[in-house]
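Several structures are given next for inspection.
Okay, so chain A shows up in both of these, paired with chain B first and chain C after.
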Partner chain A sequence: MTSDAALDPYTPGISRRGLLRWGALGGGSLALGGPLAACAGPTGLPGPGTLTLGLTRSLVSLDNKLNQFDAAVTVQRAVRQALTTLGPGLKPRLVLADRFEMTEPTAWTVRLRKGVRYADGSPVTVEDVDTALRMYGKVNGSFLLGLFPELPEVEKTADARTFRLRTERPVPILDRLMANIHITPADANKPEELQSGLGSGPYRVARANSGAGEYTLARNPRYWGPKPPLETVRVRYVPEESSRVVALRSGELDVVDTLSPDAAEQLTGLPGVSLERGDGVRVCQLFYNFRKPKNHPLSDPRVRQALAYAIDGEALLRDVLADSASPLRGVVPTNLDGAVETGSFTHDPARARALLRRHGADNLRLTFMWESGEFAGDASVMEAVADMLGDVGVRVTLKQFQPGGDILKWRQGRGGDWDVIGNGFPSPTGLALTCLQGMYAGTAEKERTREAFMGYVFPKIADGIEEASVEVDDAERQRKLAAVQKAIWDTWPALWGFVPKTLLARRGRVRDVGLLPTNSYDLTAVHLEG
Partner chain B sequence: MTTAGIPTARTGGRPSAVTARDLARATATRRRSANRVKLWAGSVCTALVVLPILLAQLLPLPDANDQELGARRLPPLTEGHLFGTDQLGRDLLSRVLHGGQVSLTVGVLAVVVSGLIGIAAGAAAGYFGGWMDAVVSRVLEAQLALPLLMMLLLVVALFGSSVTVITAVIAVAQWPEVARLTRSLVLVEREKPYVAAARVLGLRGLTILARHVVPNVVRPVSLVVLLLLAQAVLLESALSYLGAGPERPFATWGRIISDGQDYLTTSWWLITLPGLVIALLVVGVNLLGDALRDGGGRTSRTKAAKADGGTA
Partner chain C sequence: MPTYLLRRLGQSVLTVFLTLTAVFLLVRLAPGDPAAAYAAPTASAEELVRIRGQFGLDRPLLVQYGIYLRDLVSGDLGTSYSFHSPAFDVVMDRLPYTITLAVSAIAVTVLVAVPLGVWMARRADTRRELGANILTITGQSMPDFWTGVMLLTGFAVVIPVLPASGFTSWGGLVLPTITVAILQFALVSRLVRREMTTALAAPYTTVARSRGVAERALVWRYALGNSAVPLVTAVGTRFAALLNGVVVVEVVFAWPGVGSLVVRALETRDYPLIQATVLITASLAILVQLLVDLLYPLLDPRVRLGKAA
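So, the complex of A and B:
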């Protein structure tokens, strides 16, 4: 016996089409459910032994010949090492050398540490040091080369591990300078940026994508020193500050450096996030272009001084940089060894206007340029400065370069005309002398290859710096340095300047980040908790 | 035979089974109502953004570039700042409106230029066919195959990021869509009797195209051009956001958002309010374009039906 409903073809029931539809839906859910659930959850969290760094600038290579910025140094030194390094207090410490001493006014005797070797097991040799010095010497437009009064030559001795670094004139700070010369196997070294990552450091490159600025460093099993505490270090390039802040908050990144004050404000007080601050040694300046024709108003130091009166440095430091920087009271940061106070920037717009009129420079039109990320809050600083100059009748055009653009060409005066550049200059040695050497020791000979810093060529000043650099007596060197800094200040090389504090944020599990005033740190000292 | 059971005059003696309720529920009626809503909503959204932008100079607002460092990042409705202030103490509403002038100028100029290029190239390709059609079609296919934003960034990197370059770049980027539509419409038009009649009367091809064919296709094409305006504004904002917009201190929507994203968690208004303005304009223009397109089709059909009725 059957019911009427069962016989009725229009009674709703499970049709074949319905069955297929539900089957397809179930299959699709099973197939897509997993990936969708994974997308909804947190991704890319570092493992317990992995430290992930988020850099503001792209690490194009692990070679420091051309790729020189603070956070890059942290990573580069984990893979390649130098004879010395700068430790706490910016004092030189021995790394690949176990002896580094001045045995003659123009010679330093160096002995390589016994057993130092590269990640492939081959030993570090004197030949490698010699080749490294020659390769650094062949780099055109090198920032590091500008720090050396002259590059030393290697003299071999009877002992296979000992050699002398010989210079024509005394270089009393050579132990600090050599901290920047990273040693690579001689046969793999080239004057260009090295793309391979073979070094003697505690980490070796496990994976690299230099285009994206991403690297994975693994512990070097053949490291000659103590075993580093971290298994893996991942390096990521995250240019957007907001993305870095979000990634740090979510735990995707462990350490982010060179934070802007606003980002620090967002991170302050957050559970699981700590901030580390300290005085920095990088000087940020709005530096004038010294390649202008002689009849250009900017070639007159009185006009340069007059323009400086238009800048309200206090307001910039307090409101735009939110007290994350100190005022510049000299031509280099005054916390550098050998630096002296030479003066300060004063805000007096009425005086600026009057002086500009007196020197026939009213209605000036200036072009300011800078590269994004050159210093924290760069765009805001430049816009604020342009506005302040507008108040004294100077019209400013802003030209912002994106990272990877051709600002280097412009800096060398080969890209186009400009008047003021927003520029940061680090001091990797902690000495005023190297900073002065890099910025103000330009000569006509250097300028021929456009290597003089922004075209700054003042023969008397260059001679003064050279005299100080070869002075072996400490007190006399300081006296000479003080005199030359005062002479530089009188040329009004910069419209305004400041010294950013080092500012780094880390997850709570990251310990012992010994942030140095150079805004870098030793990765082998960093520990992870939990 | 009887017609019992078939309702003939349910509603006031109308000789139809279709009731007023049925008519109200009909797809055509619903579409018409929806179209009216879209037209109003689109007009209101667009006007809400465009009118203040056009009147920005007349409104009692501070200058878009006037900085007050002591009044940084004030929240909305504070100290006379309706949208608050940005990271340099500039009035955000003023910057959004002046930025809108740049974005709209670029957008309008770009769509006008792309419309002219697209109509000329598409009409020529559709009417003359042959090698001209082959060349235009292959060029527009090639351009459509290129990633748009990357191409724009490349051109801006090569020629600089002035308003002129950005306008030209967006105009060149958008002509293929107009050209493709124009070509297909002209292909239909050229087979119609009035074109044949014009040919018989001895008119030259170019004259027929310019005087008879193009006027008949220009209306639907212009609606597409209107829709492209939203896309052009978005493209300009995207370029500015990526740092390829006009140089600072010009306020542009993309740059206001790009600068504001660094303060996302502490100053939400820096990114949210300009974002809302962009969204309002784009939604408004799209709704307006949709409504005009659908309404235009209906009106034409109604006119055609009336004309047919008149001749019958």
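So, the complex of A and C:
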């Protein structure tokens, strides 16, 4: 049978234009259809038992080998746990271990808590601790690793739950240091930041999009401890502060942390929003460059002291930092365990001018540098300080670096000459000792590879810190630490310093956040009302 | 036609290759050290050397480039330094969000700006047209950051009817879409207005009108049909640009698109991630342009692809 159409010479077949049309449509559908089909749909609105956190930085992993910023710790610890943790007052508290004590100067005896298990029900073992320590030890560029004078070795004992952590030299702060080593099943642990895997914490990962920094944590039904009050915790990355503030005000976010003074001011007094603040453990200093030639005025501690008199710290804290920081009264934050007050910065410009003249440094020209975002209001602080120094005849050139730039090279004295750097240094262990070791324990040997912090090399001070670090007697260690801090203060390492407060805003329905000085908190304590 | 298509595909591959080469070189010439950005601030020089070795940055530039091309051919775009995951996966985590926003913003732009342009053409040189012009240009002149924050404050805080950030519900798409679309309205509506004014004054329109063609058909089929080529070109170009991300809007609305990802990658000197983002978004943008070109003969029968006029 033949159709009429087929016989009709005027009925178009597949025309060139038709082919083109269908080809273009097909191509277009292929090009856009695929991605559109994969388009992320909405992630869903939070339920009444859901706490939503808005983080300032993207949480790329729930492992802390490399990615360890304050708020990240809060979330990471809800999934993966350590043998210990830092609790209120920055005191160590047992978590996976029910015993953690120094039984020899170079050995700590640890016993795993009975019944501790991962989210899949498998038990936490000594092998997991051993593997975790080795994996952390193999990671390049880790900040945590720098806190350990040496990584302990695991020595097994006859009891399957008990082991010893052995070091070559005494490490009397090991219970605090181990709070940073998160335990993962040995066969799943790798010397890199883990993107997936199990933890023993009260929450397990229900959904994760590490690229977008979004996670949904659900209550771990096999959690070995008390059932956590929250059903779900949602973690979102909201980089822009004004957006975080709006999202908190609208109730979309429940908790936002690491607020700037401006944001805190906007949120103060708003109905349904509460602020929590406390002293932090990060010290921010305008640190001198200690790599200056001996005949340079800044190599003279009297000149460094004279310059410090030019700075009106109170005005900076009040007017520039809007009371979001406390004055620095030592060489490390004084709320750290082992920290002591060593003095304070006094504003006396007349004295600054006179002393500078007396020491032949009345016509100084200095270069200040810092990286954007090193601390809240960094540029304003630096400009104000430059202005104050101008009042005593010191001319300052400001040099600001963008994140990712070459600042490390400059810090290490490889980028060029500078005089003062705006720098923040954290102490996630809650100890003065680790802060002192990181900043003031420079030696000539370290300086050869430019590892001494800003070139700060004072052999007596380095020796004093070293002695304190291996002192197993608590009282004696505190005494040694106090003496060394006083000695550091007398070297006038910084032009000025302050301790930023931890600042967190929460919706009224969120209770018992218990913000720690480390700017993190225990999610198992948090509960929602209403 | 197949020859034309092949030639255009060849050109596209060459464009992507040249773009990648330029990006590969430029990011390495820019100040900054990925090892320093990756490591703790207290990292020793030795440690930095080890990290550079781990990333393969201790090899000569030409060797690095060769390895990059070899891996690229085998589909490996490298591992992101900051995400510790394959760079391709990280970009693909974010790309759907960017495409969602781009598609919805372009759809809103076309739905609003085309009728508006037609309306303006039919009322050319009247006060009402002037008013519409002022409105669209005001929208275009407002910084997107400001527009976004104002919309947020208005519709997420003062009248809390829409979500403030992210993509937690379909409502979350509304404010970012409007913010992006507002910037496009002036461009597209003015272009439509110009083309339509010319078309409506053309002899064929007069002839059609004299033959009794209805005004509606005259405007929407005859005149708009003849204005379609420049309109599709402009919309296609804007769409391709949006695929590269709208950084400011993404930041304001915490929209996890590729724009903010590439900013972060630049800050952390995450070379594999920068390169992967550029490769994927550039390929998509070029593909869109190619599709636009293929649409021309459909819109205007006088166009013959691959043949000189």
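Throughout what follows, the second predicted complex is superposed on the first by the 334 of 530 C-alpha atoms of A that agree within 3 Å, B and C clash if a C-alpha of one lies under 4 Å from a C-alpha of the other, contacts with A are read in each partner's own complex, and residues count from 1 in each chain.
What we mean here is this: a contact is a pair of C-beta atoms (placed from the backbone, for glycine too) under 8 Å apart; a residue touches a chain by one contact, two chains touch by 3 or more.
The shown structure was predicted, so the numbers you read here are calculated from the model rather than taken from an experiment.
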item: Chain B or chain C, by number of chain A residues touched; value: C
item: Touching partner for A:Leu94 - first (chain B), second (chain C), both, neither; value: neither
item: Touching partner for A:Tyr237 - first (chain B), second (chain C), both, neither; value: second
item: Touched partner set for A:Ser250, first chain B, second chain C, both or neither; value: second
item: Partner chain in contact with A:Ser210 - chain B first, chain C second, else both or neither; value: second
item: Chain B versus chain C as contact partner of A:Gln266, first or second or both or neither; value: first
item: Touching partner for A:Gln402 - first (chain B), second (chain C), both, neither; value: both
item: Partner chain in contact with A:Met102 - chain B first, chain C second, else both or neither; value: neither
item: Touched partner set for A:Asp387, first chain B, second chain C, both or neither; value: first
item: Contacts of A:Asp319 with chain B and chain C, given as first, second, both or neither; value: first
item: On chain A, positions contacted by chain B and by chain C; value: 240, 242, 402
item: Residue ranges of chain B touching chain A (in the complex, touch as defined); value: 65, 67, 69-70, 72, 87-89, 243, 247-249, 259, 261-266
item: Chain A contact footprint on chain C (complex, rising order); value: 1, 31-33, 35-48, 50-51, 54, 82-85, 89-97, 99-100, 103, 149, 152-153, 156-157, 160, 163-170, 172, 251-254, 256, 260-261, 264, 266-269, 284, 287-288, 291, 294-295, 297-298, 301, 305
item: Chain C contact footprint on chain A (complex, rising order); value: 16-17, 19-21, 23-24, 27-28, 31-32, 35-36, 38-46, 54, 58, 60-61, 66, 140-143, 146, 192-193, 195, 209-214, 236-240, 242-244, 246-247, 249-253, 402-409, 411-412, 438, 449-451, 453
item: Interfacial residue positions of chain A with respect to chain B in the complex; value: 240-242, 245, 260, 262-263, 265-266, 312, 315-316, 318-320, 372, 379-380, 382-384, 386-387, 397-400, 402
